[in-house]
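Below are two complexes that have chain A in common, paired first with chain B and then with chain C.
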Partner chain A sequence: MSDELSIIVSEQSNPLDGAAFAAGPGPMLVMASAGDCARFSLRTAKKNLAKATEAFGQVIPPQIGEMSSRAVKTALCLGPDEWLLLAPESERESITARFAKQSEQATHSLVDVSHRSVGIDISGPGAALVLNAGCPLDLTALPVGGCTRTILDKAEIILMKPGKEHYRLEVVRSFADFVWNFLSSAGREFETESG
Partner chain B sequence: MSSFRTAKGGRIKRKDAISFSFEGKAYTGVKGDTLASALLANGVHFVGRSYKYHRPRGIMSAGQEESSALVGIDRGQGRYDTNTRATTQELFEGLKAQSQHCWPSLRWDIGEMNSLASPILSAGFYYKTFMWPKSFWKRVYEPIIRKSAGLGRAPRAVDPDVYASRYAHCDVLIVGGGPAGLAAALAASRSGAKVILADEQSEIGGALLSDPGSRIDDEESWSWLASAVVALAADENVTILNRTTAFGYYHQNFVGLVERLSDHLESPSSNLPRERLWRVRAKRIVLATGAIERPLVFAGNDRPGVMLAGAARTYLNRYGVRVGDKPVVVTSHDSAYLTAFDMAENGVGVEAIIDLCTDVSPELLKGAARLGIEVLPGHTITRTKGRLRISSIYAAPIEPDGSVGPERTIDCDALLMCGGWTPSVHLFSQSRGTLSWREDIGAYVPDVYAQNASSAGACDGHYLLSEALNGGAAAGQAAAIEAGYKAGKPNTYEVAEEATCSGTLIVELPTGANPARIKAFVDFQHDVTAKDIRLAVREGFHSIEHIKRYTTAGMATDQGKTSNLSELAIASKTLSRPIAEVGLTTFRPPYTPTSFGAFAGRSRGNLFDVTRKSPIDSWAEKRGAVFEPVSLWRRARYFPRDNEDMHAAVARECKATRSSIGISDASTLGKIEVVGPDSAEFLNRIYTNAWTKLGVGRCRYGLMLGEDGFIFDDGVVGRLALDRFHVTTTTGGAPRVMAHMEDYLQTEWPDLDLWLTSITEQWAVIALNGPNVRKLIEPFVEGIDLDKQAFPHMAIKEGKIYGVPTRLFRVSFTGELGFEINVPSRYGLTVWKRLIEEGARYDIVPYGTEALHVLRAEKGYIIVGQDTDGTQTPDDVGMAWAIGRNKHDFIGKRSLTRPDMLVSNRKQLVGLLTRDPKNLLEEGAQIVATAHPSPPAKMIGHVTSSYWSETLQHSIAMGVVEGGRARMGAELYVPMPDGVHQVQVVEPVFYDQEGGRLNV
Partner chain C sequence: MLLIRCPYCEQDRAEVEFSYAGEAHIERPVDPSAFSDAEWEAFLFLRSNPRGTHFERWVHIHGCARHFNAVRDTVSDKFLMTYKAGKPRPTKREIEGAKK
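Showing the complex of A and B:
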């Protein structure tokens, strides 16, 4: 059976596999689908955060809109009792196991949502502009290292701002084509901007 | 260079000649021209026909308020634009423009005879004339009126342009780039505030563009303007948007703007959007929207060559165009003298200034004398002459008693009129601010603000350049402070030798003629005359809103920008009530006509809406599946082979499933993971069923009601652990079920310790049904004993298939042995393909939603939303068994005991079999008790599901019938277009009533 496993694992398919886009001088805008990773939706009371941090192996921030990111693990606070945890695929099982051990002392819900969404990296001087084609938020007010749940045109997204000109969004699989098409349609405007 | 171009001056590029055509005739203009200025430079005033009387009309203004010079611009396939104002259309090489409202040609227009019939085309003419016979309205009157009157023709081809959109936030939004707006932007930006400056014109500058002669702080105005624009452009906190109209002012300082990006270009790049819709949220808004000059109302005030005085000044100073060689000026306001002076200084012989006021300021008289212009104070114009261009006017003194003295003819080739200025308070009013009437300037000005905004310059009733600059600077500074910035004292500006700028509100000019016999136009675009307004008042319309609708004044594409105040003044005079008491019509967005494309933005083609696709969709597409939309998802409906139609494909898919294996993509089902110690209690309250005793590893069909006791959704729920459930919902119901659950959890039962997580897209779901399914998957499943006893019907277990983690359900929506393989989405396609491959030895067949519907109907399984319509209780559909009798409570429980829910003749779900097995009932058909009831027939129910069953070789149907279960075996009737069909009421389970096939 282990042979079967290896075959299958290499045969995963994502809606945006290999998608890449660049436009404008510089370029103004670079977009690419982010690699696969493990994702968890963590729901628990704030008082359990210390425990959760221990299980995740990385600080889980307490304030909505905060994101803590170190090495390859990221934790986003999306609600008063809601976090999204991103980690390398290889750590999926160990993280699950460590949280499971805690369920007695710290009640929580850890749900594996690794396959629920796909990520898109957007960077360059035009990154905020292309997002603002469909996202009504003031992105300059989103601090570097911040995150939020918002909308992009007709799709709900989770938006992270790892750098001043770098955004990463997460969108559920079946909306990914729409979001990618919307962003690349808007991104083509940079091919004409001459100042 | 054409004959009416001045020798020098203007902001045009004289060396860059541009060829264009109007009405098929070739002309030449220069870079920087608008279509209107280029036509005027060629001596063309007559450009269109009026809407109702088809009177020849010329260019009246130099801006967006233009009511007469409307043209169609053809930019090629799909790019025909109608009702474009010649005064705002920038000239580009090869521009092709056509006049509107004329047939067969502009010069010889058949509709001109409407003018002769004008006594019957008066106010309310539609309402009076075309009321009878009623049937004529749709077939005769409306089509003819629409065709001959029409405001241009709508393009039919698909619009090939792209329309962009952008959300933006700023500290200070300044609307209008004239002197007030510029001064505001300079003051606000100096504080570091983020500023957006929007102006509708091609160039920032507003009134300054027409006024090169003024001196600001000892600098020529155009030089001051250039440095101001350079300073703002260099500031990275300032965004300058020219060609951008703020068309709507909504709640909480939310303003809609349209930026026109390519209409002025000869061959724009294909990636360049035509327009961009900006949605701006501003902390503070400075309105510097200026004022619009008013025409005067007198007989023959609409001939080509009659123009607003300020427009003539713009054509002269900005475009280097003389609108005539011997103009006459008629005015009730000082500003028109500036036009006369500028023209005279450019060598134009101004014939006369007819001033309606008697006491003219000595400075203006001195200026006129110096330039040799005759001034006729206290005079009126009684009529004009000239068919396609004005040729003379009749001037007469106004006697002290208001009567008119002897007429005198003055020849002219242009008549430049000014009835004063109307502050542009459109956006302010849209923001729900209230206006007050200022008698001294005869205008409504902003009074009480409803939002964080201020006004500066002419839109606030301050017409002088110095007032605009200093008012703008103060407003800009205040706005920056309000937005949280430190701003120093604003600049003060000095304007040298500023002329006075006052006037009297005289709208309708005194005349010796019978006012009921003359055409003195108020609304030029809708051909509404002064006498129409008086007639409306006489006929009993006393509210300005009623007068507007009755006469259609102010209702055209220009929304009465030049006419509203005149209309108001005439109504007020006729009613003998002060203007302020007559009221104002409502200002509504958009400020100027805005393209549908700008609003639609990118929402067209594949971006019109989201099409959600399952992880297996690509396989189905390659396989030639026919899809159907199910909420936002698309699902394979059937998989035709060769030339099969749906009937044949579905019959084959059903047969294969019943005889061996059918495989189906169920990934779109809603899925929710419920985790936490109180999960079972939560489900007890949400569903009718009891969950506490459901064992780990077991599933149960769950029924969910609304508070009204009616079925809301259904689905299978599996228990993965004591504190963890895997809930499934219908495809279309998933979002509302999630919201429903969260709503109760957060607002009603916050004490319960559990959480909900949507996992719809985490799992791809492959449903396998048929007697051979176990044999197919057994070799590839790890960690789950598939034996009948170990893994019975309605079980769930986690394990692996093909090495991939799975949540394996043993459930069935077909009545056959069934498994639903959940695998993480990224594996869905591969696992599916493997199963298809391995299943070949069992002749595995993929089936779509249509076969699924047939298979479930054969078993009498309901579909929520098809067999229910939001008025069915569990008992109505024969599912009283799903109600946990001993449960303390659940949503909808109380409603189920309402007397109406307990009556015996509620509509109940039954099976229906037609007498002729080949007869297929129509879904939705009504059911009656007798074959030929006399109308009105009592409808006792309707058909909810109906299919051909290949397995049974008989059509089958389900329906809801009053007291249905008590009618078992009875004959009922279903009237359909092809006749009345007899049906027998039966149990709604047509196949394998004992359920033996499920439990193999």
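Showing the complex of A and C:
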């Protein structure tokens, strides 16, 4: 069946391509557009996780809010049966192929959502303050290595915390400019304080 | 900020992450064609709208994206408890217990 389908491969365009921003002394806040990567939305039952881990080549965590990240692959558990998988673009096809092979033993849905969102890296001692300008979460309660879907002002984001003062967020492309401008204007507060 | 406990995330999260989804425990009839117009109207439109304890559905739309049920006091707007979708309606004693 799949041989007959023609696959349209389009160029991934990033509205924040190469964007970078720093504010405050130190600096307090550093923001940079994260590079392109392959993204997959995985829906399956928890009992299939061992199989999925095998196909992805990296541990897929079972608990909501857990993230497992090693080298360049990251798996986020967003809901009781929903995961987001991030991997280098070069592995897009091999991952899809490995999942397809086990579709009969472990029923799942794997959707390539690489072009759906873009990533932003935010770090520095002021990172949490800037995020809290629009995000109601208590970021101190979010453990290092944690992740969650939440809201930033009017835009839904997926927030990851890879380090104590390092956050990465994933935002839908159409909201990318809005989120970038929202965070950078919140970051300008540090400039006025230092001056 | 009103905090709502999501039974799937097992965390208290801000109300802006949630969306209301109507009264809970309304079962869709198995055979609607056997219903009279009045019964069908009741299923579609008539809701209990109580003053006090109300059983309702919420969805953690900007979180785990799951629907769940909540018991809320419509007078004080306090959430008395939340529980996973598909669980039976909690008894009075369970609600009292959750308050503490």
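Convention: the second predicted complex is superposed on the first by the 181 of 195 C-alpha atoms of A that agree within 3 Å, B and C clash if a C-alpha of one lies under 4 Å from a C-alpha of the other, contacts with A are read in each partner's own complex, and residues count from 1 in each chain.
Heads up, the rule we're going with is that a contact is a pair of C-beta atoms (placed from the backbone, for glycine too) under 8 Å apart; a residue touches a chain by one contact, two chains touch by 3 or more.
Just so you know, these numbers come straight off a predicted model, no measurement behind them.
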> Which holds for A:Leu78: it touches chain B only (first), chain C only (second), both, or neither?
Replying inline: second
>> Looking only at chain A, is it chain B or chain C that touches more of its residues?
In response: B
>> Applying the document's definition of touch, where does A:Gln12 land relative to chain B and chain C: first, second, both, or neither?
In response: first
>> With both complexes overlaid on chain A, does A:Arg43 touch chain B (first), chain C (second), both or neither?
In response: first
>> Let me test your reading of the model: by the given contact rule, A:Ser185 touches which partner, first (chain B), second (chain C), both or neither?
In response: first
> Which holds for A:Leu137: it touches chain B only (first), chain C only (second), both, or neither?
Replying inline: both
>> Is A:Glu89 touching anything from chain B or chain C once the two structures are fitted on A? First, second, both or neither.
In response: neither
> Taking the superposition as given, does A:Leu129 touch the first partner, chain B, the second, chain C, both, or neither?
Replying inline: first
>> Quick check on my understanding: which residues of chain A belong to both its chain B contact set and its chain C contact set?
In response: 136-137
>> For a test of understanding, state which residues of chain A touch chain C in their complex under the given definition.
In response: 64-65, 78-80, 82, 136-137, 148-151, 156
>> Which stretch or stretches of chain A touch chain B in the complex?
In response: 1-2, 4-9, 11-15, 36, 41, 43, 81, 103, 107-117, 129, 132-138, 140-141, 153-155, 172-175, 177-178, 181-182, 185-186, 188-189, 191-192
>> Which stretch or stretches of chain B touch chain A in the complex?
In response: 162, 164-169, 269, 271-273, 279, 281, 602-603, 606-607, 609-615, 618, 632-633, 673, 675-677, 723, 753-755, 757-763, 780, 782, 800, 802-804, 824-831
>> Under the definition above, what is the set of chain C residues touching chain A in their complex?
In response: 1, 8-11, 13-14, 16-17, 62-66
